[in-house]
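Next come two complexes built around chain A: one with chain B, the other with chain C.
Presenting the complex of A and B:
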């Protein structure tokens, strides 16, 4: 057998922090064969990126490889110094990482940056320019000439990532490392970038190391996968086998955390992984996962299990690998979810809500005549690409930005457009939880002080009454006494989000807007937060407007779903109906873009081009410029009305519902 | 809004022109406000100008006559408008202390002197500060970095009057290398002038070096840790190319903004140095005007310093905008 493109053996990496070496990778070994695509998964802090940085020899200054070896294309990478290291980076290995905007130099034109990848290989300036153009064409950039002349900030996120990929492939590398390349991109853009990578890989036979926390992406892109936990490779095998028949309790737990396959909140709580990742550099005698594992016994705590084969190319590092699937579920009591009664008056009504921003002499139509209602105790999910107006909708109804036209009605009463003009009762009734809890929490105050202040401001409570309510609130979101004395900076992302939720609930709100509340969290933490939100809903009959780009999460928590495109409501209906179809062609494309763990067909519906500018929205139906099901001139000339096509299901499309059902019938399986 | 016109294609030239116009307008408003405050403080607050100038001994008649002659018996608004009208036409009035001498004739040579000193100090400190900052940034956390940072900051917190005194003691009195004063004989050649200006310039350099070096260092450290620098290294580019094309280009942007505000400081903060070295610059002039109750000269001096400050920051901001594509083309979205 020929030498694999990448062979990592017994890799130990330590970071020196405050005078001590802390181990972050513990004897990691794996191989990536020629033309193979290998996935590396695990939650944040598991050491995924450290593996990548070790391979490209770009560990931070305090990090070093303390044992093991890395061989790429048959040569020992750890021995490279100076010129040999530069040559290795210039010719053999490439890396693409998260946040393409930051990966490109903001003050150099794209052309100069791409050309560098060729001049370093010895090309003349002119030759490099020509090859740069060809490189952009290769990553399917339609107009390379104009992109080369632009600065990175003038490109969209998807376009930026294409440029980064073009640079990475400039040298036809033997090994391409992709570290969360699509995290933070819209589902539709993510799908395009992944398709691009897949087709380029077919064409170039490059070996790929694909790092992601998203198992759906890994399952779509890779043939084999390694699961990393606390710097240890705990399971490895063919992707389908590992995802279908995981043999390590961590993998089992990880897979159970993710809302998928149409699971909804009334089907039951999500599983979580109790406990926390061991601290950086912790001394661990036994199995790294023992502390959080429900199957663990004395032996697990004392003796490290070896990586043992459990099947063809499938290995697990667990003493109980044969009964990993029996990992007991964390006991969570079943909840009585509130019955939503939509015959009564709604809690919140939006009527013709419109927001026009004035920007550099242009009118930007961020929100156009959105009408919807939310009833007590229900969750309305809000989906759409970035720029579709989700966040503007949330901010407008909260009065953070005043609406241009239309009304927000709470229990039948019109709310003033600005929050400053709203009464305390109106303010406490509508609250928000942000994606980034840091922005909502005063970092100088302890959690106790933050909560007491909210109670005073929102509920008008002071003294012992406030103290009692605060304890109650803390208990409800499961904050410990110790957490209460800490400041936000000392807390993990999940704990901070719990504090932010407690803050929002201080005044017994009637409706809470959740703007991507779990997007920055690991899946196990996400599951716990979603469970918490559902519990609070069951207890308090609070309504949610839930914004997320993760459609699995939206489907799990929402009773009804609203789909926005360019500030217009395109579809509104019960969650299952919107997901199962027949749906709006935009919804259809959005759903087909999401890579799922369960795999299935990959007949993705491609959306042409980028989302048009809200400063000059297309005529007629705003979606017609990208619509794969456009029927003709009527789409370009007349904007279809939002019509109730079935019970509670509203659509804005010229195509009759039965026709949509027929058209989408064939692709039903793809869209789940 | 013009239908179908996409914001991304907005022409680039008007964008920067509009920015400059906006900044000019703001500068003008600032100047008018400044003139009001200065005028109020220097010419109205003393109350009876005639009494203040002539002293307690003068007779009522003499004071009244003085005020009538200089127009300082009119209502404040009229006085201000009169002064403003003159100032716009370039007439800053006559000195009260040196009767009959137009204020501008006193301000101009003082301004030229100050600009010479400031320019000399500036030419010395900017390259030094940036070099020190870049070296410290590239070696961050190591001995060289600590040395530059500690020295720069320690020097920056010592008042310039103290550094100036120490410099005089060491180089002028003890070693006798350079003159004690900064004022050369009238009509002295350029080299002699430089010799006289060296000590006061260095006093300013010592104060400013730390600030400029620190900002430069911060910019370099940030750029070194940036993802785009990693991208550059992983392309296999040589260290020097990475530093030159990727790190410094981005690191020096914030430095320009800081340097500009320091120029403003140079102009305003000259008082102590000019006083110490007995140098006939604008700072010393303003100080003397205040002492001699020469209110018109005082007003003119402060206005000139204010205008110079605004002009310098304006130029720096435009330079910053020209160098920074994100500002030049307006931030996306």
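Presenting the complex of A and C:
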């Protein structure tokens, strides 16, 4: 075979920090063949992006390649200087970054930017304009003319990413690098972007290097995958083989900590990977993973294993590659989860909760008549695309934004709509864990100060009583004594989120809103946080409202699930029923959009267009503009009521439940 | 799940702080600026103990003598040694300008916190008032305040400068507070029942200290200039004080005959302003890196 498009050999990269060279890539070697798509996975800090930056020669100033070679289309990339380097970036390689909003110039119209990609290649202004139009059509933008005239901020995230992809493909690159291209996007939009990339790759035979932390995405998009840990490629092989039969304990651990295949909290706790990634530039003698590996022995600590073949094109860097699958599970005691008694009075009731924001003279209907109840000790999952009103619902029930109409009742008593008017007992009963622990913890306060203040305000404790409770609280969320004296910047993401959880539990809350508490975290840390939340629930019978866009996570932790679309409840029911169907057509589309590791199963249901503006919601059923199962004018004219169709399962759809069952059963049968 | 070992990071904060100090010391402009400031501070503290002649009384029959080996900067029309007067002249300005800056910073930070945190009507009202104050020229405002206070003392000068600078600082602080108030820790504080003053002072203020510090050092440079200006037009210190601006005001009618009596105090003012700006630039760079 001829030379592969990309050949990385023995790549070492060091960053110079405070006068010392710290090694971040350790002898990374892999190849991406012509027209192949290769996935690179690993948790944050493994060096995935450093690989990409080395290939396009955009390493930060303090970084340099200290050994190894990178060849793209047969030529040595590391030798490029000045004009040859610019020509290489202009013609041979393209990169798509995670955040399309930052990749586009906010002060240039889309048309000018896309045309620029062509003028760089020597096209005349007029020709560039025409080719820009064609490029947008190629990435399936329906109305290229109007998009070309707009500024980036006037486009949605998915549309921006299409524009970036169009620019990246402008030069017909030999190698296209996608660095977490869909991480900030909704599942439905992500699915569309991934479909687009897949079809373009079929059409253009571009070689693709796909970087992601999401194994589901990799399994959908790539034929081969490399697993990176602490700057070392620890396992490599065809995607299906690696996911089905992983031969490195890190890969095994990574696959185990993802909640999937319908596992639920009452089936047992999630596996985690104990310990931490070695610090940047640590000197490691043996296997990079030895410190966190339950299979490791003396040899692993002293001698680095070579990358050895374990099958056709499948290699693992492990002394115990033959028994990697036997990686012992961490022992976790089984839990007695609280029995949820839904015959008794609910803990929290929302009745007709409505929120209308006034924005530049428009009424934005963020929430429309949401009614639901949460019983003590249960978890209500809240799902929907961004803009569906999940966060507004959370903020309204907490009183951070006052509701426009409707009531929030805690144990039968109406709560004042504003938090300022709520009593201490009402405040302590409802608490929140935010998505981003960096923003949720005051970076100037020590953990100790954060917890003591909450104990004082919520539990009324001071002095030694507060001290004792704080120790207790810290122990419960597994914070060490040392952590207490530290400030948030000194803690890892997982530890920060534990502090935030401890703070929410300071006043023994009855209900905690978890607003995407794990989406900023790596999967192994996510598993540990989910386990902690479940433990606390078992112990304290606390109820959760759990917001997440990760449906596997929601299914794992939720007893019941509510689906929101444009601020309206579309479906509400027991987690299994909502997942297994028959579901609301919107839920069906959401579920089908998620790329899974297990693969197959459902055909993806495409949703037309984007979520409509809440300032002018569609008439009738708000979902009719995108609904693949729309039955006719009734959907456009009359909004269906939310009806209990089965025991505890509520749906807002004109299609009768039996009909939905028949329709959805049929498609699944065809898909199989 | 096992208990989690904490990575060794504690010392990193201390290292970062030390790094920052080292980076400052390594910046030539910082070293130059700081040396000049230290020099003038020393002069202010030691006063006439280090001046070769008494700065207040004539000790020589040579009136308006040009610079010579004995009188390096010459003498003024009363026969006082200009070199001695320049050395002694830093004292008052080095008290008034920092004091005015401190007052302005406290007032400005307070206004900025209130406007940035509450927004709405409080913000609109105070911000428009601030705009109004900013529209009045320094000297007009000074005359007004002095008339209101019924005094032309150094205190009046201090208050005037604080009043003029506070709104400028308030704007910077307001912008920083607006960004900070959107972070979730502020919401978390509200949800545990904290009152607004606590949230502003204990939660937000520590996080907006870096821009406040930078703004304060910048304002200090301007304050020195403002003190000199107001003194020059006759507010605050009066003759026979050896203050630089008093010397300039005193001697500029005779500029054509004895330029040294004006040039050297003017250079002294310039050196101090430049030095403060050099320091403030380096501090800003190091803090914002």
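In the analysis below, the second predicted complex is superposed on the first by the 664 of 672 C-alpha atoms of A that agree within 3 Å, B and C clash if a C-alpha of one lies under 4 Å from a C-alpha of the other, contacts with A are read in each partner's own complex, and residues count from 1 in each chain.
Rule of thumb we're sticking to: contacts are C-beta pairs under 8 Å (C-beta built on N, C-alpha and C of every residue); 3 or more make two chains touch, one makes a residue touch a chain.
The shown structure was predicted, so the numbers you read here are calculated from the model rather than taken from an experiment.
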| item | value |
| --- | --- |
| Clash or fit (per the criteria above) of chain B with chain C on chain A | clash |
| Touched partner set for A:5, first chain B, second chain C, both or neither | neither |
| Which of chain B and chain C A:537 touches, first, second, both or neither | neither |
| Which superposed partner A:432 touches (first chain B, second chain C, both, neither) | second |
| Contacts of A:23 with chain B and chain C, given as first, second, both or neither | neither |
| If touched residues of chain A are counted for chain B and for chain C, the larger one | C |
| Which of chain B and chain C A:490 touches, first, second, both or neither | second |
| First (chain B), second (chain C), both or neither touched by A:94 | first |
| Overlapping contact positions on chain A, where the chain C interface meets the chain B interface | none |
| Chain A - residues contacting chain C, complex | 18, 269, 272, 274-276, 279, 330, 332, 398, 400, 419-420, 424, 427-428, 430-432, 434, 436, 439-445, 453-454, 457-458, 478, 480, 482-483, 486-487, 489-492, 494-495, 500, 503, 506-507, 528, 531-532 |
| Chain A residues touching chain B - in the complex, by the definition given at the top | 56, 58, 61, 86-91, 93-95, 97, 99, 102-108, 116-117, 120, 151, 153-155, 164, 167, 359-363, 613, 615-616 |
| Contacting residues of chain C [partner chain A, same complex] | 1-10, 12-13, 15, 19, 183-185, 187-188, 190-194, 203, 206-207 |
| Footprint of chain A on chain B - complex, ascending | 1, 3-8, 10, 141, 226-228, 230-238, 245-246, 249-250, 253, 323-326, 329-332 |
